[in-house]
């Protein structure tokens, strides 16, 4: 069974993240969404909220599973038997970052990374944009998965 | 059965191309290497030479098949039942190019693209570098699959 | 009266070009579309075809004028009294190119350049993509202004 | 009357900012410089100092107005009747950032963005460079508008 | 005597840093490694540890000297008689950053900068990667100079 | 004696090239300007013209020598005893290109490359811009070394 891990903080999980998971599903038996939990890092949304929102977004998709982890991402990938990391790239800045992380994961831990390029209509979507809109009291629902 | 198409001119097929195919094999049942044949475009190596060199490079790997095509890449992918294109990205210039081709293939033909980032040790390897070395009478064998 | 010049080869004029002109219209009294004619450079579409297609695309917009020129773009801009060049940027490669051309036009000819970022849904659209699709006998009408 | 909004923190307003405003003036009836005030964000210079320094820099230019705002930039632009945002791009990193903000403003709020490329002689100028020089007790006056 | 300054926080000094110093040695009589000490900035490793680790890494190389400084890098370079700064560039993000710092140093202080491109096998190596691995209790010795 | 090779087609040699050579002189005993001669490649200016123009530009600088070569650049560097290649980088596109050439030269021929970042005032200067201006009958003397 081919599993891939899509890891992140997902603070919050956006329509951009959702689109990547949906596009990856045809190629894998299971897509694991891993919420990286880092006690030092403060988040805008609680872990419980992030977990339940992602679960709701995929409640009709049995091949998506949502898990929480505290270890290094590469260790978590091995622990759950994921064969690779799935990453999304919106732009050059993302690409340069992903390249150096992917190099490190391949060289240090033998872990492979597959990239999907974000669809242009989601290229501007980010968790930080959602948080900024909410901080100004604006409606961000167009950037979030439908309930 | 999950098939992916790795298409190119492969004039010639380098160790960089070979590494990408090997890295993709764990994720797919079959990797099709498609040699795009374009009558207008002159190549340094004959089609026969390119075809046999690639076949030799994978003679012990039954899950790699090498085919020649003359149509639009997206049409060829559908014809052979490939679910996506496999592309390699060495740098920013590659990424920008792949992004616009991938957008076009997704929007116009519903065809998905998966990217692998070239390993750093192959980032400088290209078919044009091989051709330039040969034009100056230098040895390019380190950039080509072992015989 | 504030005029801006949108210059190019437009071989052919795409929906991406059209969108840029429409987005610039609220800021200028007149947008001049200048078809640069270079006898040395072979085009896929004839000058007549390109000219009439662009005129048709804007037949209901009196503030758009289409002209043909053979001189250096900066000279043509001055000749018609345009205060600046309008350029569209789809990606990093476009940006780097536009930066060096804009620098040259500002320093050598005192001519200013205004940039609009291409809308993401048009980022993959280019004249060369249209020509490639047509060369393979495909339908490119989604990339061209409606008739 | 055509108004454009040039918004920022301007901590401090540099010769680079000043050059952009001057270059935009020929194309607009009024350039509004909007100092975004964010109570959470600490600044090096007080709001009063930033406001008066910018006003002094344009005291002979009646078509420049300096305003302070606390709302989302897009809301402020609408409130004052600005037809677009004016942004300066010094390099690729700026461009990628501006692209995603401009996409968001266009899609979420129907607000357009016009870009000017920073003149090369100002490409290294930034508010953070000024602050760093001052922190080390150096003279930064060449990077600031003349008094 | 030609001296060049390789300045940084080196928190910690990695195999990537070490490789750059070694590659610069054939071109200069002396390479000064300058540890920038900034009281405001917290580091993971103590100054003493960073200093002794770098000294150990070059204990057999009399043409490398390790110094600590608290002033602006450009001032320190002049103080020790260095003719230029040596900088390493791993990727585009590094390049854009180095360009703006190098422009500032050339224009404001008349100080030149020489760049070496990081070898691909070290492109993923960074002090922050080392710190992250250690924070998760992993072995980072492959990224650090041999003892 | 430390020699560095600055190689190119120099069709023509611009003020940008000249500035790089001058900036490199303090660090090397000799800067060799190598005009790469490629019989297949047509140039705008004759070899004789390019050679004499560069010699004139440095007639008062005995530490600059101008040579013509037909071999691979790396072979020529070794032949003349140059310890490294000197390259200029104007922008991201240059950087990506230089990175892959520098990697190839280091790995295949053990030849090192030193980069200088073009001064911003020369970032728009290129041989192709000069040729384009001349093709339109414009004055390009500001982009060329003074006679």
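The chains carry the letters A, B, C, D, E and F, assigned in the order they are written, with residues numbered from 1 in each.
To be clear about the criterion, contacts are C-beta pairs under 8 Å (C-beta built on N, C-alpha and C of every residue); 3 or more make two chains touch, one makes a residue touch a chain.
Keep in mind that this is a model prediction, so the values were computed, not measured.
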**OP:** Hop across touching chains from chain D and tell me the fewest hops that reach chain E.
**Re:** 1
Original post:
Which chains are shared contacts of chain C and chain D?
Top reply: A, F
Original post:
Between A-C, C-F or C-D, which repeats the contact pattern of D-E in over half of its pairs?
Top reply: C-F
Original post:
For the homomeric pair chain C and chain F, should the interface be classed as same or different, according to whether the shared residue numbers exceed half of all numbers used?
Top reply: different
Original post:
With chain centres defined as C-alpha means, what is the inter-centre distance between chain A and chain D in Å?
Top reply: 34
Original post:
When the centre of a chain is set as the mean of its C-alpha atoms, what distance in Å lies between chain B and chain D?
Top reply: 47
Original post:
Hey, how far is the Cα centre of chain E from the one of chain F, in Å?
Top reply: 29
**OP:** Can you tell me which residues of chain B touch two or more of the remaining chains?
**Re:** 92-93, 96, 99, 103, 120, 123-124
Original post:
Between which chains is there touch?
Top reply: A-B, A-C, A-D, A-E, B-C, B-E, B-F, C-D, C-F, D-E, D-F, E-F
Original post:
Any idea which chain C residues touch chain B in the complex?
Top reply: 90-93, 123-124, 126, 129, 132-133, 136, 138, 142
Original post:
Which of the residues in chain F end up touching chain E in this complex?
Top reply: 2, 23, 26-27, 83-84, 89, 92, 95-96, 98-99, 102-103, 106, 112-117, 119-120
Original post:
Which positions of chain C touch chain A when the two form their complex?
Top reply: 92, 120-121, 123-124
Original post:
Taking the complex as given, what residues does chain D use to touch chain A?
Top reply: 71-72, 75, 92-93, 96, 99-101, 103-104, 107-108
